[in-house]
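One structure is given below, encoded as structure tokens.
The chains carry the letters A, B, C and D, assigned in the order they are written, with residues numbered from 1 in each.
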Amino acid sequence: MALINHNHQLPFNILRCSHTHYIVKDLEESRKFYVDIMGFIETEQVGRTLYLRGLEEKNHHCYVLEEGETPEVIALGFKVAFEEDLDKMHAYFSDMGIQVEWVERYAENRTLSVSSPQGLPLEFHAVQTRVPTMMREFAKYKGLAPLRFDHINCFTPNCQASYEFAIQHLGFRLTEYTLTEKGDMWAAWTHRKGNVHDLALTNGKGPRLHHTGIWTASINNIIHLLDLMASEGYVDNIERGPGRHGISNAFFLYILDPDGHRLEPFTSDYLTVDTDWEPLGWDLRDPKRQTLWGAPAPKSWFEHGSVFKGVDVRESDIESNPIISGAEDLI
Amino acid sequence: MALINHNHQLPFNILRCSHTHYIVKDLEESRKFYVDIMGFIETEQVGRTLYLRGLEEKNHHCYVLEEGETPEVIALGFKVAFEEDLDKMHAYFSDMGIQVEWVERYAENRTLSVSSPQGLPLEFHAVQTRVPTMMREFAKYKGLAPLRFDHINCFTPNCQASYEFAIQHLGFRLTEYTLTEKGDMWAAWTHRKGNVHDLALTNGKGPRLHHTGIWTASINNIIHLLDLMASEGYVDNIERGPGRHGISNAFFLYILDPDGHRLEPFTSDYLTVDTDWEPLGWDLRDPKRQTLWGAPAPKSWFEHGSVFKGVDVRESDIESNPIISGAEDLI
Amino acid sequence: MALINHNHQLPFNILRCSHTHYIVKDLEESRKFYVDIMGFIETEQVGRTLYLRGLEEKNHHCYVLEEGETPEVIALGFKVAFEEDLDKMHAYFSDMGIQVEWVERYAENRTLSVSSPQGLPLEFHAVQTRVPTMMREFAKYKGLAPLRFDHINCFTPNCQASYEFAIQHLGFRLTEYTLTEKGDMWAAWTHRKGNVHDLALTNGKGPRLHHTGIWTASINNIIHLLDLMASEGYVDNIERGPGRHGISNAFFLYILDPDGHRLEPFTSDYLTVDTDWEPLGWDLRDPKRQTLWGAPAPKSWFEHGSVFKGVDVRESDIESNPIISGAEDLI
Amino acid sequence: MALINHNHQLPFNILRCSHTHYIVKDLEESRKFYVDIMGFIETEQVGRTLYLRGLEEKNHHCYVLEEGETPEVIALGFKVAFEEDLDKMHAYFSDMGIQVEWVERYAENRTLSVSSPQGLPLEFHAVQTRVPTMMREFAKYKGLAPLRFDHINCFTPNCQASYEFAIQHLGFRLTEYTLTEKGDMWAAWTHRKGNVHDLALTNGKGPRLHHTGIWTASINNIIHLLDLMASEGYVDNIERGPGRHGISNAFFLYILDPDGHRLEPFTSDYLTVDTDWEPLGWDLRDPKRQTLWGAPAPKSWFEHGSVFKGVDVRESDIESNPIISGAEDLI
């Protein structure tokens, strides 16, 4: 059986996923997309790096867009409760023989980089520079009216191992999942902040970033974003949706930024703070899982992801089977 | 009985109400309100006059805002089917002894001014300069996302007489109404274009303009306008609503522009093109009539209106009665 | 040039399309779909025929569902202004040598059947039995909350000829269209009631009914219908959408009833009562035409239609060309 | 200064507020209101007690409606992480000299009753009987489509003392607040689950329950509830709203159940899991605080509350001042 118990005994406390740091090829193109179309707030630009946040957010950044040669991902950011959590993490992972190092990040007090066993470049901080929320400044509600960064979804070459690491060594809690026929984890949604997920893991060629999710208040905002993208020349950046997932109950849309980094504007999920909340297992063959309704996901959605800078990508370790290898229309 | 038959035999064909021409005291303040907050498209400014239209509209203007000393209304605009309708109107009303004259209006081919027996300054044109619709330019959807000018609602000192003129001599059709206890018309909703109204008439000190109505596609747009007005310093310009009218089934809001001209952003009405559609009569005492739900209308809503330039205002001719004189909370 | 002028001189006045009469194989299955899922009001059942209407409607029926052997369409219904229009129509079409006959239809006063030159079974009536509107009975708002029947869209084997008949002999007005490279009409949207269309015509194997359109007040209602269909076992009845058409600006969805009759719940179009409104021509190669955004239409959407009872279907007369024969992904 | 630090050292862990237990006079009337109009799921009826839950909820009840003589409140329910938290609570509050006792509650494993120093009847449980979520059963989305119980708002005769107890002895975290001119707490919003509040406290005659809050996914659901209440005879149960609060950013509505217990259907708040999130203080004179926009709250909204069974109500201890005593239109 692939399910394991949540670890309540860790010496540190991760609050939530907080941001993603992308390399983009043309900062002006990215600004047009993220600020003018999507509606993110531009906190500041430092050199050739742009720091963005959602309307609700009081932290300095949820997207760091750094101009560079190759579109890739520098790091996946998480926020911990206190500065001392970082020190406890440093000790904890060093003891495990996992590579950790302090890195310098603009507008973060201290930042600890941790490379997960499957190669995900995780970064932890306790404090970012505080900036004003724009939540009550309705003149700034544009495009999607993005309220906050919500989750990170990664391909991993060994989902079972990545899932176990997340539950046992990072303290994440499982909310929904699918297993292979042999009982290995095929995809897992795990959280810290009390909704469906902060970190989702999907088996596949990896490690790679599949997408980051952005919370907006209403379906109407997502439809307006579609209208806007279509009329402003971004129709080819719409990859999949709108639709409703069975998993998470989200009303979703998947779009690609100018560098092919995938974003999921979505709304509607649910509260998961109950400790007796039982994870919901889905059958890989249940068509409602992936798409309660909506057009089938295109091939690109299953295959394309953003690579992590300096991290090798390998094929999945999990043995495939007829269901899974033909799973393009199932998953 | 106050109801009369619709006149199908008129020699001319009014298509719909089309625009209002206001005097405003500060054009920059008006531009901020109508363009930046409400989201109207600025067609052009000519001297100290601003011409605006809704996102959907292909005619040059639905609001004409002319800077002047005193906030008032120059004219209520209507569009007829063909140029020859104007000539037929000229003859028809001249024969009736009604004052008509050709006036010069920017971006209209020919404009015929007709003063109704109760003093409403009506203006008719067949052709305005055609301009592009912005309906498919979703980047221009801001504020209310106002799609089109919908209706005009006036106080008249003799609603029965004004109603009869509208039905018999302008060809309007009655959709909903309320009668006094003596059977006189207290308020009438009449249309040409096939929805609830182009011209509504309410008994009261007049003639004065009560409000003009603006169609938007969704309730969410109206709520966004409220959020925007409240956060941008226009909370005192919100007079009444949001709420739902029994009459017309509209989801409504009433706001005041910087000069006190009242606007009604609304959505949801219904189709009235059927010739066997029977007008819906409301009892003055039916509380669902005015407000199916929503806070009671403030005193100002019953009392305040915009005056027409050069037109004397007089008290209502209709004999009041206990129901009507205490009707502030009923109507 | 394929465009012709609207005929203002016809002796009769068609108000709008009003209903469709379908043969369905299992009345209970149809009732579940139209009443329980879609939310139509059941006016009454007479024998094995079910009469339905939208929430707003005061006419007896907008869908007539008659149980029978083979799913097909009996007639496309239109409402005229007055009883005498029917007599004038009878004379007018008899003079043209077109087949007309009086038919008996339940809850209609008199009904005139007219077979169009391309074989569309048109039926005209002036008066249906009046029934109460449910527009203000919000407890009856379920499923899609369908307000009213809006339009009929047909395949015709000669779109140019069908279009000319509609404009010249029925008095419809063109709002949007696409032409073939040779300048023939490929698809035409025509109306009587003042919005985008009552009758749309598309070139193709025909005559057949492509779909009927149903107006609802908001995007949220369409999304709720999708959620409901997916959770109640009707996910395979979702054929295409949601999406936004360039043509008509509609937010659309296409679904199939249990017999494969196609329905289009939609919202958002625009006012077309202006006589100087110029029809909007689309290039067959403009991808925004069919789908401003949304998944590509499936093959079935281009190929499947409902046949008319007793009417032979033939291939299109219009000479195909490379663009058109490969037009599945264009149109 | 009235602000104190959050207590991270408590031996127990409250997850969230979970339910309210009301006495109602007529169970059938209550069922009509909560189930038919509001759309709550009826988990079961046991004798003359009805157990309800929201569409998303997997716990047995969020409202317990027990038929009795006098409308009052039996208890305010909270869920803790584990059974052992209850034992630790028992010891902790016993040590403080606070009255605690084990009570029997249907469908809860063990329930600990704790009477707060100001007299709030708090009840804590770790486990309720698990029942299926209806979140994916869209045919059950009716009325408000209530997803989950969200918060409890109480009048307390000494808000400063109640606030201190909540922060120091229950572990709640402050999100927003208003102070009197002397620096005492006038109103406090505190949470455990990571959004704006689980427990709000307002100075006034108390202890009494002001309202319980219910989360729904969209503004449209709240508007539909209003339409439904108005057309189904519940218009007098609408007390205040809709509107937008400055505090919490909620789009709100206040309604009264048939016994006068106040409910707040709302949507839109924000994430508060960050430990460096600084509470937002409001000036009592800031009109945006209470009502960003919307009609002024009626007198009843400031004065009326539900009493707790067997708990004496007393006037506020907090010295009033001109601002506060005239605060009906300010707060």
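Note that a contact is a pair of C-beta atoms (placed from the backbone, for glycine too) under 8 Å apart; a residue touches a chain by one contact, two chains touch by 3 or more.
Just so we're clear, the structure is a prediction, and the values are computed from it rather than from any experiment.
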Result of counting contacting C-beta pairs for B-D and A-B, higher pair: B-D
Over-half contact-pair match to A-C, picked out of the listed pairs B-D, B-C or A-D: B-D
Identity of the chain that, by mean CA position, is farthest from subunit C: D
Centre-of-Cα separation between subunit D and subunit A, whole angstrom: 33
Interchain centroid distance [CA atoms averaged], subunit A/subunit B, Å: 50
Centroid spacing, where centroids are CA-atom means, of subunit B and subunit D in whole angstrom: 44
Shared-contact residues (touching 2 or more other chains) in subunit D: 136, 218-220, 227, 230-231, 288, 292
In the complex with subunit C, residue positions of subunit A that touch it: 219-220, 223, 226-227, 229-231, 235, 238, 242, 244, 251, 287-288, 292-295
Subunit A-touching residues of subunit D, taken from the complex the two chains share: 15-16, 56, 58-59, 79, 81-82, 126-127, 130, 133, 135-136, 147-148, 193-194, 217-219, 246, 249, 267-268, 270-271, 273-278, 288, 292
Touch list for subunit D against partner subunit C, complex: 136-139, 141, 218, 220, 224, 227-228, 230-232
